[in-house]
Amino acid sequence: MRKKSLLTGAALAACLATSGVPALAGKSDDTLTVAFAKQLENLDAYSATAREMIVIARHVWDGLLYRDPATGEYLGNLAESFEWVDATTIDFVLREGVTFHNGEAFDADDAVYTLNWVSKPENGVSNQGNVNWIASAEKTGPYSLRLHLKEPFPAALEYLSGPVVMYPNEYHAEVGTAGMGSNPVGTGPYKVTSVEAGKRYVFEKNDGYFAGPKGTAEIGKIVWRTIPERNTQFAELLSGGVDWVWQVPPDQAEKLGKKFSVSNESTMRIGYVSFDSAGRTGETPMSDIRVRKAIAHAINREAIVNALLKGASKVVHSACFPSQFGCFQDVAKYDYDPARAKELLAEAGYPDGFTVPFFAYRDRGYAEAIIGDLAAVGISVDFGYLKYAALRDKVQGGEVPFQFMTWGSNSVNDVSAITSHFFSHGKDDYALDADVKTWLTTADTSIDPAVRKENYAKALSKIADEVYWLPLFSYNVNYVYSDELEFTPYPDEVPRFFQARWK
Amino acid sequence: MLIYSLKRLLLAILVAITVSFISFSLLFLAGDPAIAMAGEGATDQDIENIRQLYGFDKPVLVQYFDWLLRAIGGNLGESFYFKTPVVHLIAEHMPVTMTLGAMGITFALSLAVPLGVLAAIRPNSIIDRIALLISVSGQALPSFWFALVLVVIFTVTLGWLPASGSDTWLHFLMPTVVLSYYAAPAFMRLTRAGMLDVLGSDYIRTARAKGLTTKSVFLKHALRNAIIPVVSLAAVQFGFMLGGSVIVESIFALNGAGSLAWESIGRNDFPTVQGLILVFALIYIVLTFLADVLNAWLDPKIRIG
Amino acid sequence: MTDVTHSIEEEDFGPSPREILKKSILAHRSLLLGFGAIVIIVLAALLAPVLAPHDPYLQDLSIRFTPPVWQDGGSWEHILGTDHLGRDYLSRLLYGARISLTIGIGAVLISGTIGTTLGVCAGYFGGRVDMVVNYLITVRLSMPVVLVALAIVAIFGGSLNIVIMVLGFLLWDRFAVVMRSSTMQVRNMDYVQSAQAVGCSTLRIVLTEIMPNIMNNLIVVATLEMAHAILLEAGLSFLGLGVQPPLPSWGLMVAEGKEMLFFEPWLIMIPGAALFILILSINLMGDGVRDVTAPAGKN
């Protein structure tokens, strides 16, 4: 039965396929065509977790607040103003006269409905970290509401201006998550006019958009295409089929720079090497600090950054991204010194080196460069390159003595989003240092910035002294786009097409 | 005939069950699906919740029988990634792959059969040699390499064809050529060999002796007999093509079942991968079953032996 | 080869069959061409440590993407240029021949053993055994090879051993099919029947009477499947799941070169051409062996 319908479908598809070269996009027809590699599960802002969804969410919906990417200041967006009543209560006054794309008016009912709906775990918001700090919301007037937090949570403003977007209550109650995923409705600068899953989404400028802090969009139409293969993206770019691509590796970006505009911007993601210092995988050379120091001296991070990552990337020494709150920088540093590395290995009893398993899940070229540096001091590796899900499973199961990993901190500008995640004796912790855990816990739960900084500094210093991690470098992103386009990237890795202009 | 068909059907069903078990157990090794579903920033509690919600804490065999029973009822479970029924996903992605496979087979046959016939009519002639050259070199070209070279030529340099998408028949042109060139040599060899056999057989000589024109001998008798094995090979190749379209679909951004399978492997979305392997296998099993029965019907020797 | 001539010698009573075979081999140009190319590639692989001008693993990030000597900026120091980590491309190509050949031969040893055992058993015993083998072949054929290989490699990681085993365990079907039908033909020959009548053990009959007579088909299938395995590995590498670096398999080199396809096309053309020549030669040799050893009457 199913087979029959599949065949019918095939015949139908064949019939529908008509001839004709697709129109080239661009300035002339006010259509910006952008290409992304990843296919989204759907277009519901609360069930898709990929970065691409964060990007779409910024265009289709609004949060109560908006963080100005230039100044870092929190501005009112769907809220006109807000006020902390106490450490767990915020009052909001909402903007009037805003309507959703389907004509439904935005008021306190929509905001209260959304906040209460997402706060309940049974409603299945995929990224619970975005919403699990919300206790409840109550309507205090047609355009005002009060939000209750479960506990003091300074980052609430960050979430309210990012992932926590406002849904239309009547529409959402009617169509649910599935309906929102296939036919999204928001208040944002762009409305979704066509959804072909895995192929393309079409966004059109929301002409009735309120004059909020995001500004008004200029480009009339955005066609968002899914093209998994990078070379195909380039082919489309070179032949005029798309106008904008991102995450272009530095070598290709350099070459494309001759014909296109290229912008480079740092991201919050850092790469690091982590060692099984605690011996979770059994007896390995990695539990010897001299071996870890030797490896720290053996890897030429400077050269890797200069030759391979390029752009805004920097070598990092502390186990966090430098801009994050509490990311203490004055820690032990290990310079590239292969001779010293060999001495340390000899002291540790490995004058002829050793062989150890080594794993990675992305940036094979960087991993290869690390392997090459290690080989130069006599350490050879059994390299395993796995898909993220498979590697993370192995890591958490305590099977990985030595790995090249990366962490993006979910773009949260605070050390608690990275160091505390990895060194508080969770499944990812291969150091299991009691002191470090104590300091991190103290820092995470304190509201006094001075106390937090002091304790994070202690933890980060010890991590560096003991070489539990060897932080490598920060990442950057290259954006390559048509010369006709004016586009500004930001470090939060959220392209804002609503600010893009034709030249 | 009926007994042969029934026997053959029994085999097909047995194979289908075996394949279902293999695909199930294979992907059960694919690491903890709960972690894959939870994503990078997930907490242990998130992962544990997912594990219980989807029943990953049950024994493997229990999960298999649950899955098989549901599969027989047409329910292949729900995709971890899309949170929609796998059957819908497959139905959504299959038309592109089917179109591609059908075009690939058509193209391969329309290239290979005439070449094979010509090669057989004049063995060791120039045409025969060119046909041989095409067939040998065609099989030596890695498909992704060929695909990328086509893109460089026809999209970037000449600007004639779109590099990605599936909106018009033009989008299918390059993928079709890439997918079919690997199948074409087999058809060509088989057509050539079949033609040579038939042309040397007694009844063609008889037909010729009866004074029939060369053209009608070829078309009415020789080709018709030589083509039978080609048709059954086409059924088999069609099955292979569907399963083998992964690379082609990923290069040309055709959002078909092949690329769905590949992406799903990367996402540890194993209900989808299981479902796809099962459906690909079933299509193959059905096609070969039909081809076998057809062959038996055409050639009585088979069903006795 | 000797086995083939040996058996033919015993069989025929024509004028010096060894001479005829030799003559037909020498007259078969594509067989000689393919064989010659393979000999060169195998020699290059064996002599890689002597021939390679540099250490294939030695990286120098300051000379990344040095073009080959015939392009602007190339030098004789790196005749085929350097890759994305500044490693000498010629040296990697030479060592890569080892890896690609190892994959092909390793996979064929496994698949050949499985397929031949199953095929000969099915062909010799027939009946129930044949039915079981037939069932196994159908199961194997119905599994989409690329997908299953991808899934396994994605799960277990792509070490050289795993890739060889996966390919070996997936590509035995053609061996089984061909060996089965060849054995069936040979089984009814007089000499096999008389050996049975004399009371020779089954194993002995298979080894001394059957195998020598199906050896030519085995060689043909083995060459074709070797080419198939090498190509499949290249495909897996293309999707990022083949042999792992720093091992330089040709498939992996093509996959790494593809990153710069539009900008440094030689990076993909050089290993691509090497791969093409290798597969072409193997196929030419396989076809040639089939032509030369095929029973008379063809053409």
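To keep things simple, chains are lettered A, B and C as they appear, and every chain counts its residues starting from 1.
To be clear about the criterion, a contact is a pair of C-beta atoms (placed from the backbone, for glycine too) under 8 Å apart; a residue touches a chain by one contact, two chains touch by 3 or more.
Quantities reported herein were computed from a predicted structural model and do not represent experimental measurements.
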Of all other chains, the one whose Cα centre sits farthest from chain A: C
Chain pair showing more contacts of the two, B-C and A-C: B-C
Chain A-chain B separation of Cα centroids, rounded to whole Å: 38
Centre-of-Cα separation between chain C and chain B, whole angstrom: 23
Euclidean distance of C-alpha centroids - chain A vs chain C, Å: 44
Multi-chain contact sites of chain B, meaning residues that touch two or more partners: 30-31, 148, 152, 156, 250, 265-266
Where chain C touches two or more other chains, by residue: 154-155, 258, 261-262
Sequence positions of chain A contacting 2 or more other chains: 231, 235, 238, 387, 390
Residue numbers on chain C that touch chain B, as the complex places them: 30, 134-135, 138-139, 141-148, 150-152, 154-156, 227, 231, 234-235, 238-239, 251, 254, 258, 261-262, 265, 268, 272, 275-277, 279-280, 283-284, 287, 298-299
Chain C - residues contacting chain A, complex: 57-59, 61-62, 64-65, 84-85, 154-155, 157-159, 240, 244-246, 256, 258-263
Touching residues on chain A, where the partner in the complex is chain C: 230-231, 234-235, 238, 249, 251-252, 255, 300, 303-304, 306-308, 364-365, 367-369, 371-373, 375, 382-387, 390
In the complex, chain A residues that touch chain B: 1-3, 5-7, 9-10, 12-14, 17-22, 39, 41-42, 47, 49, 121, 126-129, 178, 197-199, 225-229, 231-232, 235-236, 238-241, 387-390, 392-394, 396, 407-408, 410, 426-427
Complex interface listing, chain B residues touching chain C: 11-12, 14-16, 18-19, 22-23, 26-27, 29-31, 123-124, 136-137, 139-145, 148, 152, 156, 196, 236, 239-240, 242-244, 246-247, 250, 261-262, 265-266, 273, 276-277, 280-281, 284-285, 288
